[in-house]
Amino acid sequence: MANIVQFENVGLRYGTGPETLSDLSFTLRAGAFYFMTGTSGAGKTSLLKLLYLAQRPSRGVIRLFGEDAVTLPRSRLPGFRRRIGVVFQDFRLVPHLSAFDNIALPLRVAGMPEDEIDEPVREMLAWVGLKDRTNARPPTLSGGEQQRIAIARAVITRPEILVADEPTGNVDPDMAERLLHLFDSLNRLGTTVVVATHDLHLLSRIPDAQMMRIEGGRLLDPTGSLRNPHGAEAAA
Amino acid sequence: MIAARAPDRRLLDDGRATRAMRWIMAIMLFLTVLAAALGLATWAATRALDSDLAGRLTVQIVEGDAAVRDRSVAAIIAALRPRPEVRAAAEVDRARLAQLLEPWLGEAGLDADLPMPAMIDVDLTTPAAAAAIERLVRGIAPQARIDAHAQWLAPVRGFIATLALLAGGLVVLVASATTLVVLLAARSGLDTHRDTIEVLHMLGSTDVQVARLFQRRIAIDTLLGGAVGTLLAVAFLIFIGSQIDRLGAEIVGGVTLRPADWAILAMMPLGFTLMATIAARMTVLGALGRRL
Amino acid sequence: MANIVQFENVGLRYGTGPETLSDLSFTLRAGAFYFMTGTSGAGKTSLLKLLYLAQRPSRGVIRLFGEDAVTLPRSRLPGFRRRIGVVFQDFRLVPHLSAFDNIALPLRVAGMPEDEIDEPVREMLAWVGLKDRTNARPPTLSGGEQQRIAIARAVITRPEILVADEPTGNVDPDMAERLLHLFDSLNRLGTTVVVATHDLHLLSRIPDAQMMRIEGGRLLDPTGSLRNPHGAEAAA
Amino acid sequence: MIAARAPDRRLLDDGRATRAMRWIMAIMLFLTVLAAALGLATWAATRALDSDLAGRLTVQIVEGDAAVRDRSVAAIIAALRPRPEVRAAAEVDRARLAQLLEPWLGEAGLDADLPMPAMIDVDLTTPAAAAAIERLVRGIAPQARIDAHAQWLAPVRGFIATLALLAGGLVVLVASATTLVVLLAARSGLDTHRDTIEVLHMLGSTDVQVARLFQRRIAIDTLLGGAVGTLLAVAFLIFIGSQIDRLGAEIVGGVTLRPADWAILAMMPLGFTLMATIAARMTVLGALGRRL
């Protein structure tokens, strides 16, 4: 299996403050499933931001899809971003667009013809249990409903990497499991999945998943399997 | 492309701030069109005055003896008419002359001993011929006085030119103000849609896709607002025009708009729309360029 | 113990849609602790909105602090609202105010002198573990940090009723327990607490707490203890 | 009260949209002050012309015999001077008269046989006395012609009055536009701060608390923007004034601003600030009143 993401000695500093992330060195295997945990403020979202190219590291090397993501010219970023699906911790839905149009947004950005959009979007709405809210705008949706729209938007393009930041914080355990099942299906189709979560019970649902634990801006890697995934695999 | 399809029209919200900007555009274009109309009209008036004056002379014969006077007049007209540089030469009607002079000399002055001068209006094809004509006239009647109209009406012309200058200044001021408002509107519109732009950016839209979406919205706002403002201004101008006609105000009456002027006025919302579009594009590209 | 909240046959309809909440009849005892659960979209937030006076019911009677809250004149609403602390599901922090100023907001709204504000706000910041983020603005805070600021703002005035909508969805289990402890302390000082949550593990932490379960816009009350709390109490 | 304390100043964000509005206010007040200055100046000019004209007469003696003419002049002046309704009566200097008439009659006309009339300027304390004075003068010199200046300058006065009317219309237009912009700014500012207002509302702020906070922000924006615009306009006016003085343009020269006019101009940003404040207050109270 190839390495889809590689961090080497990566550090991140916001403005002139202290380093929020330090000495991150790890490798994500293509097609694997990762859970990221850590206390609130540990740096999970910050790490994910580096991953989905919303932030440049202040030091270190990041390789994405086999290319150096730090020195990538701006013009190539949109192409990279379209290969990554993101569930933002604060959803970031467009408030005046309907649920349907929010989910359809990545397809339209990618230039998919309008007549090919309807079917997958409706299918996705059914998956997250919001078929009857197709035309509702986000402010009229419940917290959990908004979160599900955000998830639907992230997965609709079948991205190569799916990054989900606390994707089940606002839904009930049954729905959480259902959503996790969605991520798992996507993963089986080849998508590399990274889910940051506080819900430790989710972890047991995906037995194959690998754990990443952030503490105080550093990645704990007691077994060394994050640093050297193939070695660990061989050992297992 | 994302910007070309119907569902994308909804991407940028038709918020209240947007609507406020649309009305402000309407107001600014209303003022700009009025200022431009004033500028064009006074400029046209100045030009009309110039072309009227430049090629005209008045020959004045001040002569106590009416018979001598009339003979001189006939001789001069006979000499002038055949010349190619003279378009027309004719004695000014005596009654009209009396009427013209009346406020200056009073009724008493006319039928009294005052020798009534004769006047000949000469219309030249080329203003440069004035000196030759003057020499010709003096050869026939040495006592004749020759006035180029330009000289007579110099103070009036100066005043109208000052007005035209002021109107021009007003146009520049109002147009600059409108330009600024359009630029500010483009910037503040970007602000209103900041979150949407951010989302599109993160979903992998190219800068040009986002800019196109945004500049189209600004273009629509400016065009709609500007069209309303321009229509109101044109209606207002037509109303004012009818009022002036009704009053028959002489000096202001000369101040009219030609078809070309109306065309310029009609083009103004388009011009400002183009400017707003470019400003919006540059603002978006600049703002996006600063982020990853 | 007095009844602080009383719902009688309350229904809520958004616009011309179907009823989101129907036939709600229950009583909350002053000083009690309530957990509200239910699937995503069941109507928890909608019920809480009725409670914290962000929404009028389309039918029924609501009594709050012993007064009819439905026909209350607008001029008296601010007074009522100051007696209720709310943790909104979407936080609703003021983005350009510092963490300190966000927490101080209810005190300032209530007209507390500036020199009496500093101490309680700093104490509160320490409680939620954000002493070192005092001057940070919400957009530069992590999801969990924002949530804690929202909680601090809700409890700083020691309200008579505390309404918390999914207050631990973005924090780790340890922090969740710590925050729950904060609610419990407040409850012991006399505040009636209502917490809507999907985290069923929280429920076991407050043994005295009463459960409210919403399903499809209706309140399940198998024991009748919500309808008639004092009867239930006497029976217990 | 919440609005009175320092930390609350930060409550409403000094966002970019706000800053754009501040600049738009500056631009609108710049234009309004210029329009008002034009209106005030032309109005003052009309009034000055009126007061100049109403109480002035010119007595003209057209008389071929210079001696008879001079005697009549002396007699008339002697008769007029002692009368209470006459402030001043003096013969117009012959050289100046020649100069005045020159463009109309030409240099030739002056030293020729044309009888040069004598003129007496009479300045009355009350315009109503004109008829009595006329009778008196005719009693002394029956051939005298009497012109009230009002009659002489009627066309000029009409023209300037038209200008004043147009300037007044411009003031009304620009001031209305500014009013609209201020109202729109208040509304769009409310929109910018909608979320903050909502939070304050839910935390138990009274409507008046929120409105006060908000109206203060709008007042500051309008006052700052307006002050900048007004200062620029005043600087511009002073510059224009100096240019006019330098050119010595006669007609425009009479158009000046008195201290009271400057005071009115200085008050304009305050007036618009007051209006914006009231508009903001009503907008906020209206918007809040519609929610629970």
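Order of writing sets the labels: A, B, C and D. Residues in every chain begin at 1.
The criterion applied here is as follows: a residue touches a chain if its C-beta (ideal position, glycine included) is under 8 Å from a C-beta of that chain, and two chains touch if they have at least 3 such contacts.
Just so it is clear, the structure is predicted and the values come from calculations on it, not from any experiment.
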Identify the chains adjacent to both chain B and chain C in the sense defined at the top. A, D
Just grab the chain with the largest centre-to-centre distance to chain B, centres being mean Cα coordinates. C
Could you work out how far the Cα centre of chain C sits from that of chain D, in whole Å? 63
When the centre of a chain is set as the mean of its C-alpha atoms, what distance in Å lies between chain A and chain D? 68
What whole-number Å value describes the gap between the mean CA coordinates of chain A and chain C? 31
Let me have the rounded angstrom distance from the C-alpha centre of chain B over to the C-alpha centre of chain D, please. 24
Residues of chain D engaged with two or more neighbouring chains: 15
Assign the assembly's chain-to-chain touch graph to one of these shapes: line, ring, star, complete, other. ring
Listed by label, touching pairs are A-B, A-C, B-D, C-D
In the complex, chain B touches chain D at residues 15-17, 20-21, 23-24, 27-28, 30-31, 34, 60, 62, 64, 103-104, 106, 108-109, 112-115, 143, 145, 147, 151-152, 155, 158-159, 162, 170, 173-174, 177, 180-181, 184-185, 187-188, 191-192, 249-252
Residue numbers on chain C that touch chain D, as the complex places them: 52-56, 74-75, 77-82, 86, 88, 92-97, 101, 104-106, 108-111, 114
Sites on chain C touched by chain A in the complex: 14, 37-41, 44-45, 89-90, 140, 142-145, 147-148, 165-166, 169-176, 198, 200
Touching residues (chain side chain D, partner chain C) in the complex: 1-2, 5-8, 10-11, 13, 15, 195-196, 198-200, 202-207, 209, 289, 292
